[in-house]
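Per-chain residue numbering starts at 1, and chain names A, B, C, D and E are given in the order in which the chains are listed.
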Amino acid sequence: MFAQHLPVLPIILPLMAAPLCILLGRSHLAWLLATLVSALSFVISVDVLLTTLEQGVLSYAIGGWQPPWGIEIRIDTASAMILSAVTGISTLVLVYAKESIAKEVDPSQHTLFYTAHLLCLTGLSGILSTGDAFNLFVFLEISSLATYTLVSLGSDKRCLTAAFRYLVMGTIGATFILIGVGMLYMKTGTLNMIDLADRIAEFNGNRTLKTGLAFILVGVSIKLALFPLHMWLPPAYTHAPSAVSAFLASTATKVAVYVMVRFIFTIYGAEFVFHTMSMDILLLALAIVAIFKCSFMATVQSNVKTVLAYSSVAQIGYMILGISLVSSVGLMAGLLHIFNHALMKGALFMAVGAVLLRTGSVDIKAFQGLGKQMPLTMAAFTIAGLSIIGVPLTAGFVSKWYLVTAALEQQQWVIAMLVLLGSLLAIIYIGRILEAAYFKEPSELTAGKDIKEAPMLMLVPMWVLVIANIYFGIDTSLTLSAADTAAQLLTQSMTEIEAAQ
Amino acid sequence: MSFIVDHYNYWIVVLLMMMGFYVVIAANNLVKKIVGLNIFQTSVFMMYISIGKVNGGSAPIAAEGITTYSNPLPHVLILTAIVVGVATTAVGLALVVRIKRAYGTVEENEFEDKEDLI
Amino acid sequence: MIEIISSVFLIVGAFFSLTGAVGIFKFPDFFTRVHAASVTDSISTILIIFGLILRTDFDLVAVKLLFILIFMLLTSPTASHALAKSARHGGLLTLAETRSDKKVGDD
Amino acid sequence: MLVLSATCIAILSVMALALARALKADTVYDRILGVNMFGTKTALFIALMGFLSGRPDFLDIAIVYALINFLGMIAVLRFFEYTAGDENQEQEK
Amino acid sequence: MAEIIDLVLLGMLAITAFNIIFIKDLFTVVMLFGIYSFLSALIFVNLDAVDVAFTEAAVGAGISTVLMLGTLALTGRKEKASSHKTILPLLVVCVTGAALIYGTLDMPLFGDPDNPAHQHVAPRYIEDSPQEIGIPNMVTSVLASYRAFDTLGETAVVFAAAIGVLSLLGLPKRDRATIQSGLKSHLVLRVVAKMIIPLIVLFALYVQFHGDYGPGGGFQAGVIAAAALILYALVFGLPMATHVVPPRVLKALAALGVLIYAGTGVVSLFLSANFLDYSVLAEDPVAGQHIGIIAIELGVGITVFAAMLCIFYAFAGQTERKNIQ
């Protein structure tokens, strides 16, 4: 009986679990409920992913009203793939959070933490599955509001200014998207994405539509921290509790990249965006600058969480680079990197959270000599770090590999070289930490304390992510087929361009 | 002349948006930033509502003897957006209160010397 | 016939509110301005709402208008009273007191 | 109809004057007075506009205006009474 | 006539916004923001957006102004001169403004009946909704039935805001009812408040259930009910108000409202119809729509009331604590 209602469940389950957590009151029950609901959503989204691989697009009319009048839940392979990643990582982070927030968030707020986490999950899964442009704005606001709350739960006072800056820039971004959607509605009279796509195709280069696209792209770039608009991300991820950084780093910005892909490829159609508006050159330039400047900034930081935050902005540069290559292989590489980066960054932030729990500091000096004292955590950190660099047998290598092939396919030698050069920078900032961990004696920060291994509840999710990293590095069948069908689906209208090229 | 009469609503709304946007960026006091944010959002709502207006139409509540109505859809969208705006303002003001308690000041230039803004 | 009476009510109401508006600019000190604003507020509300009631055919709309009238007659004088009391509490001097201080200062 | 629109314009000009008072005021209390007068006049203006546009059943909004205007006034006075304590300390310091 | 009023109101709005930029005294900025919200609500009335004017006046001018005053009570009134130069912000603003003006060149004419916005989706809302859903207020029918998922998301936003403010500021304790911290000296105010508050609560209930036939609905009713209690808290003091509506109950009510709304959707799931499809709630689809809309409007009203009051308690609790030290 529930088979045809599956697409809507990943949204309403966390939505109903959040108020239940408040009614339950005690944080243990809230944690149990949150983890169960998140795991259930993960199972459902994997099942939805498998059905989309066979049937293509799943459509579900909310309220029984047909799409252009009512709101439609529209899940295709791309959204199902990222939805599975988001719900999976949310489950692992919730398991991880039980121990991690015990020290970083004061006990009276644990229930509120789980409620805000569930609301953020609702918002993200809502963005991924809705087929209505304004509904996307509403779910974007739900996830953003929950994120500001989560970031401001940190123990360090600087998390407050970071949360405030994130709030102001996030709201400006959301209002820009609102202006863009308003202009779209003004010219086409509808809000459903597929309907919008058909009606926009009739206008060739209307000034209002161009401005609408520009505003939406700027708004979404603020949300995904593309290079010039990324200033809110490093302080937010550094001063937020590590469970929150782990969850946000691997999901929030990735969902914003999905929104950009949805607007560029589904609604406006790639050839309008990339040829008449020549957006590909702009995105390409910003992506490359993002990769190099932020990787360089990562190498000079002393706080390991800031290093990872800057590395996230750099990795987003890779995704945008994949998208701006205007080819189905490039888009596939971008989608693949979204999935793989979620695994890598989640594991890295969890490892750093474990170090913070045991040594009380995330400075690079605290990492000295941890190779021996916290072997399992540092091993997880090493493998995930290698995956960021793109060493073979890891998921990072797969996405880097397809990025380079996509670039070479279009004879863009320079871009291929730049992607490899970017990995060199990654070697430097990951290497610095590994060198401190394995080849240096414990510094004065950690000399006195005897540092035990991280608790089991934190090690298990960390290692699940690391194993997933390696598994998807070797057997790429599932992720590759999902990304490929998604790319084909999104770039149907692109085929004439390739023919024309 | 008719070109101006048909578009004056949009131009004044754009002017208001830019005033709000300027206050958000240039304001040094955090409370004033939030006031600017509100002005910016309210002017975006006005753009939406002026899309929905039909000349000679009346409010979209069915009453006998009235045929042309204004478009109800922008009104629904803006009802949602207003509540979203107030929710963001409430969280923003709560953050300002906490920042005042933690830093002792709400002036943005006085943060920089207190901690290293990355 | 009723039309004319309601028009007269409306015009007189509008006139009183205009006088109130001019009053808040012309009067010398704060307390006379509060006086001007709140008195004309009440009278113009009564007159205009009565003018409007005459125009309705005495159904739900008229009841709503009466509700507004009662509500505003309760709230706006109270608000003005509270404002004046708070101003007094806040140490604002009336014109007479400022003149008497000057006189004391001059002698 | 003519009388209604004439009253509307009169009330509109009173609102403009009240706004001017609120913008250009020497003491803060004058500003609050301007805002208060502006609020009450807008409530009347909506009632008149309801009749002018032939949809008189929109008077609920006029009630909300009067209510919110009163709430704003009480909040301002509460704010004054609260910060009056701090200002005296500032003056004494 | 309506165009002249529209033009004059927009002019007043622009002047108010212009003044807000240059005034340094934050108290005046908040007062002018109150006028700004009032004026924009007035323009919405003039542009036939009656429900939106209702919400903007109640939420924009009421709650936001009270919260901002509560914040100013803690953070002080004077804005210090900003040292950093204003060329960069001006540049960014001019570029965005130019892009917006460029966008308005192709925009359909203001108020023109055959705009594309009125062609594709809107005619069904205007013609069919009174028959299909059976209520005259088309905005409520679109809000509650055609696009019910948006409103569910919005209730979640209000709930998320209440959670955010709760986690940041915490709720005041209920026990300290002894301190008379209300407007003690204003006897007249206390008497009038005693008379008005029941009227306001009655009006809130009227707005809640009149949402189908006239302007009103869950949001507006929730905010007006919250305004009534905020008025009580301002005049008689927060401790007295926390006795009338205890904060713990508010947290439960906010959660309950969201559950009522989502629960109505799940009920239609169990009756093997799509999520939030009310036509299966009763044999006759139109009666089902009525039941569904009343249920979710109640859910929305409860959540908005509890969330707004929760947020006010959190802010007022801060000033009380500072007041006591």
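Criterion: contacts are C-beta pairs under 8 Å (C-beta built on N, C-alpha and C of every residue); 3 or more make two chains touch, one makes a residue touch a chain.
All values reported here derive from a predicted model rather than from experimental measurement.
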| task | Could you tell me which chains make contact with subunit B and subunit D both? | result | E
| remark: Hop count on the shortest chain-contact route linking subunit A and subunit E comes to 1
| remark: Cα centroid separation, subunit A vs subunit C, in Å, comes to 59
| message | Taking the mean of the C-alpha atoms as each chain's centre, how many Å separate subunit A from subunit B? | response | 28
| task | Determine the centre-to-centre distance between subunit A and subunit D, using the mean Cα coordinates as centres, and give it in whole Å. | result | 48
| remark: Between subunit B and subunit E, the Cα-mean centres are separated in Å by 13
| task | Could you list which residues of subunit B touch at least two other chains? | result | 17, 21, 30, 51, 58-59, 61, 63, 73-74, 77, 80, 84, 87-88, 91, 95-96, 98
| request: Could you list which residues of subunit A touch at least two other chains? | output: 134, 138, 141, 145, 148-149, 152, 179, 185-186, 191
| remark: The positions of subunit D in contact with two or more other chains are 32, 53, 57-58, 60, 63, 67, 69-70, 74, 77, 81
| Okay, what are all the chain pairs that touch? | A-B, A-E, B-D, B-E, C-D, C-E, D-E
| In the complex, subunit B residues that touch subunit A | 17, 21, 24, 30, 33, 37, 40-41, 44, 47-48, 51, 73-74, 77, 80-81, 84, 87-88, 91-92, 95-96, 98-99, 102-103, 111, 115, 117-118
| query | What part of subunit D is in contact with subunit B in the complex they form? | reply | 53-55, 57-58
| In the complex of these two chains, what residues of subunit A are touching subunit B? | 134, 137-138, 141, 145, 148-149, 152, 157-158, 160-161, 163-164, 167-168, 171-172, 174-175, 178-179, 182, 185-186, 191, 234-235, 238, 306
| query | Contact residues on subunit E for subunit B in the complex? | reply | 3, 6-7, 10-11, 13-14, 17-18, 20-21, 26, 29-30, 33, 36-37, 40, 43-44, 47-52, 55-56, 59-60, 63-64, 67-68, 70-72, 74-76, 79-84, 86, 88-90, 92-94, 96-97, 100-101, 104, 107, 109-113, 115, 117-118, 121-122, 125-126, 130, 136-139, 142-143, 147, 150-151, 153-154, 157-158, 160-161, 164-165, 168-169, 213-215, 219, 304, 311, 314-315, 318
| remark: subunit E residues touching subunit D in their complex are 1-2, 5, 8, 12, 15-16, 19, 25, 27-28, 31-32, 34-35, 38, 41-42, 45-46, 50, 53-54, 57-58, 61-62, 65-66, 69, 72-73, 77, 183, 186, 189, 193, 196, 200, 203, 207, 210, 214-216, 220, 224, 227, 230-231, 234-235, 319, 323
